[in-house]
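Read through the structure below, which is laid out as structure tokens, and then see the notes.
Letters A, B, C and D name the chains as they come in the text, with residue numbers starting at 1 for each one.
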Amino acid sequence: MNDSFEKLKEIFGHFPGIGPRQAERFAYFLLGRDNGYIEELKALLSTLKKDVIQCSECMRYFAKKNNIALCSICSDPNRNTEVLMLVAKDNDLITVEKSGAFSGRYFVLGGLIPILEKVVEKRIRLFQLKNLIERNIQIKEVILALSATHEGENTGDIVEKAIKEINSTIKVSRLGRGLSTGLEIEYSDSDTIKEALNNKK
Amino acid sequence: MNDSFEKLKEIFGHFPGIGPRQAERFAYFLLGRDNGYIEELKALLSTLKKDVIQCSECMRYFAKKNNIALCSICSDPNRNTEVLMLVAKDNDLITVEKSGAFSGRYFVLGGLIPILEKVVEKRIRLFQLKNLIERNIQIKEVILALSATHEGENTGDIVEKAIKEINSTIKVSRLGRGLSTGLEIEYSDSDTIKEALNNKK
Amino acid sequence: MNDSFEKLKEIFGHFPGIGPRQAERFAYFLLGRDNGYIEELKALLSTLKKDVIQCSECMRYFAKKNNIALCSICSDPNRNTEVLMLVAKDNDLITVEKSGAFSGRYFVLGGLIPILEKVVEKRIRLFQLKNLIERNIQIKEVILALSATHEGENTGDIVEKAIKEINSTIKVSRLGRGLSTGLEIEYSDSDTIKEALNNKK
Amino acid sequence: MNDSFEKLKEIFGHFPGIGPRQAERFAYFLLGRDNGYIEELKALLSTLKKDVIQCSECMRYFAKKNNIALCSICSDPNRNTEVLMLVAKDNDLITVEKSGAFSGRYFVLGGLIPILEKVVEKRIRLFQLKNLIERNIQIKEVILALSATHEGENTGDIVEKAIKEINSTIKVSRLGRGLSTGLEIEYSDSDTIKEALNNKK
């Protein structure tokens, strides 16, 4: 097939959770759409970034309205501004927000840092995070709400160090480890058992 | 989120094999790309349909070159023009071609017809197929290479009837049913057993 | 744990489809049953082989009744005695019988022969099969209803050779290969496509 | 098939994780074994319960040796006798023990109590547990190490109430809830997020 087809396949192959075979199906699928469909898709891609802006505080994406630069959470006067929760992705923020368990503010790191990555700024918004913490002197606690994976822990270590360098009095905490809903003891790993025992209540 | 985001989610949700959750991840994934990435994607979508054309005979997509309207198979003088194989999708044609077992020509129907669909022209290229058969009077046999599913059988019945109305002397055959590679007797359904017995050799 | 526990785990680990982890769960499960349960299980194991006998013709297992040595199929005068179907397991016979597509008699080989196995008699009832064919001179065709796997094909080759050595006029056929119910063209392998083309009808 | 076969299928169908289809395969598998195999299996079933005894304290099973009634953990003078961990199954005890995180003693309840079960004594060793707690007045804390499921929580509630009725000064704690190893924020449920926030550290 031609270059556009092959390059499109390659791009789709980097979409989250998509392998080469499904990427090829996507490319054929688009080939089979009419020009109107393709033009609509292109138009949506154009407006996506125009109609959506990043909150200047938490860096999450939200629908642009009246040139307001702050998202609904960062502009909400009832949120606790002393506690900041760091999440990796916009989706993670939504998951935590749905739980209704957190009333502070967020910051979206934009990713996680793989173990061997040297240039952490390529992966997460470290500069913006430092800037946010320097500006918001009322912050007393930062909660790292990162996945319980090697990447999540690595990212937590790096971010915690960076925060402490700016202000060593800020408390940096992490989401508790333990049994997640539905987990059976028999299928738990030793780390989870240890943490669950430490967090017994 | 804004309209573009929601519409894009909806469009991705109709990509083959994609559900609403993954569609949302795609939309967030694109939000996080820089403008250059989005522009490249848009450019590829534009050129995809420009650089790729549909073969005027078999209707499959191929890379445009020197304004030739026929794909490499339809323009190959060594292919047997007396046998035409009907497939549902471009991918199916590639699967059959990889097997090396077929030396005739193809026609890509563009889909399958669900059981209750009344307007079959919406689903498959019936008009182009009829036209092809009328023009190519040398065709002696049409092989229906359709999936062994209800939709595949329904499509086969409809297409066979349409071909017979044009030229009742054309032989219409279907791919043999039986044990596919790896299938164990214990897990075979009665239809497969019956067909495999009919096709014993 | 003690020897009985470990040996029982090992035995359960050789049950069809059971790995070491589930084998251990079985052993603990039995430990937790009361003596009555264990005694019932032992009694059933004792009577299983006493109440069930192997048909002296087809070698399948059936419920003993009035000291009749033939199963319901082998003693049925309406079955076609000129066609013999070879299957690997009792379950395969039941699957074919359910399809209603076969009216001849069966022989249960008792297994399949792995590619590198030298002593085929250890794996299948070759001696009994030869004997059956020598005794039943009315047999005109033997259908090999074996799984479409390497083991199935290897077993077919070995059995076919053995039959031909006894009586070269017996026709030996195999279940047809092709698309099994539900198979989509896109996900078919080249062998299946080839065979399905050979068996087109 | 005969009664023994059908009853054996039924019994295998109640083995942990086994459905009717696999239960039938087990029964056929045993039919195909020789008498020696069946006799060995029966002998192992006989010795299993003879060679293995239940610890008179924790109720777990262990290899009988020199008529000692206590398992290696319950007879170990270095274990902390002030903390008792309740687990549902022997396997759970082994999982916790492998983690190396617990140095107290155990009690194996023998199961979990479904939500609507009225007669809890049928499901767990409540009588033995109460007896153990009455005898061991040094116990200061009982840790409920039960699966993070509805059954696990129901069982925990019932057991906690029973313990408090005997001795209201005993602290009853439960394994901490939170992110288990490998869990990603995006795929966490609201309960897990809430508990992980409560257990942040």
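Going forward, contacts are C-beta pairs under 8 Å (C-beta built on N, C-alpha and C of every residue); 3 or more make two chains touch, one makes a residue touch a chain.
Because the structure is predicted, anything quoted here is derived from the model rather than measured.
Novice: Would you mind naming the chains that touch subunit A and likewise touch subunit B?
Specialist: Output, common partners of subunit A and subunit B: nil, no chain qualifies.
Novice: Hey, which chain ends up farthest from subunit C, C-alpha centres compared?
Specialist: Of all the other chains, the one whose centre lies farthest from subunit C is A.
Novice: As a quick test, compute the distance in whole Å between the mean CA positions of subunit A and subunit C.
Specialist: Each chain's C-alpha centroid was found; their separation is 55 Å.
Novice: For subunit C and subunit D, let me know how many angstrom lie between their CA-based centres, rounded off.
Specialist: The answer is 39 Å.
Novice: At least two partner chains per residue is the criterion; list those residues in subunit B.
Specialist: Subunit B, residues with two or more chain partners: 89, 91.
Novice: Looking at which chains touch which, would you call it a line, ring, star, complete or other?
Specialist: Drawn as a graph, the chains make one closed cycle, so a ring.
Novice: Just spell out which pairs of chains touch, all of them.
Specialist: Taking the chains two at a time, the touching pairs are A-B, A-D, B-C, C-D.
Novice: Per the contact definition, I'd like the list of subunit D residues that touch subunit A in the complex.
Specialist: 87-89, 91-92, 95-96, 98-102, 143, 145-149, 152, 173-186, 188-201
Novice: Can you tell me which positions in subunit D touch subunit C when the two form their complex?
Specialist: Listed in rising order, the residues of subunit D that touch subunit C are 1-5, 7-8, 11, 15-17, 22, 24-32, 35, 38, 40-42, 44-52, 61-64, 89-91, 110.
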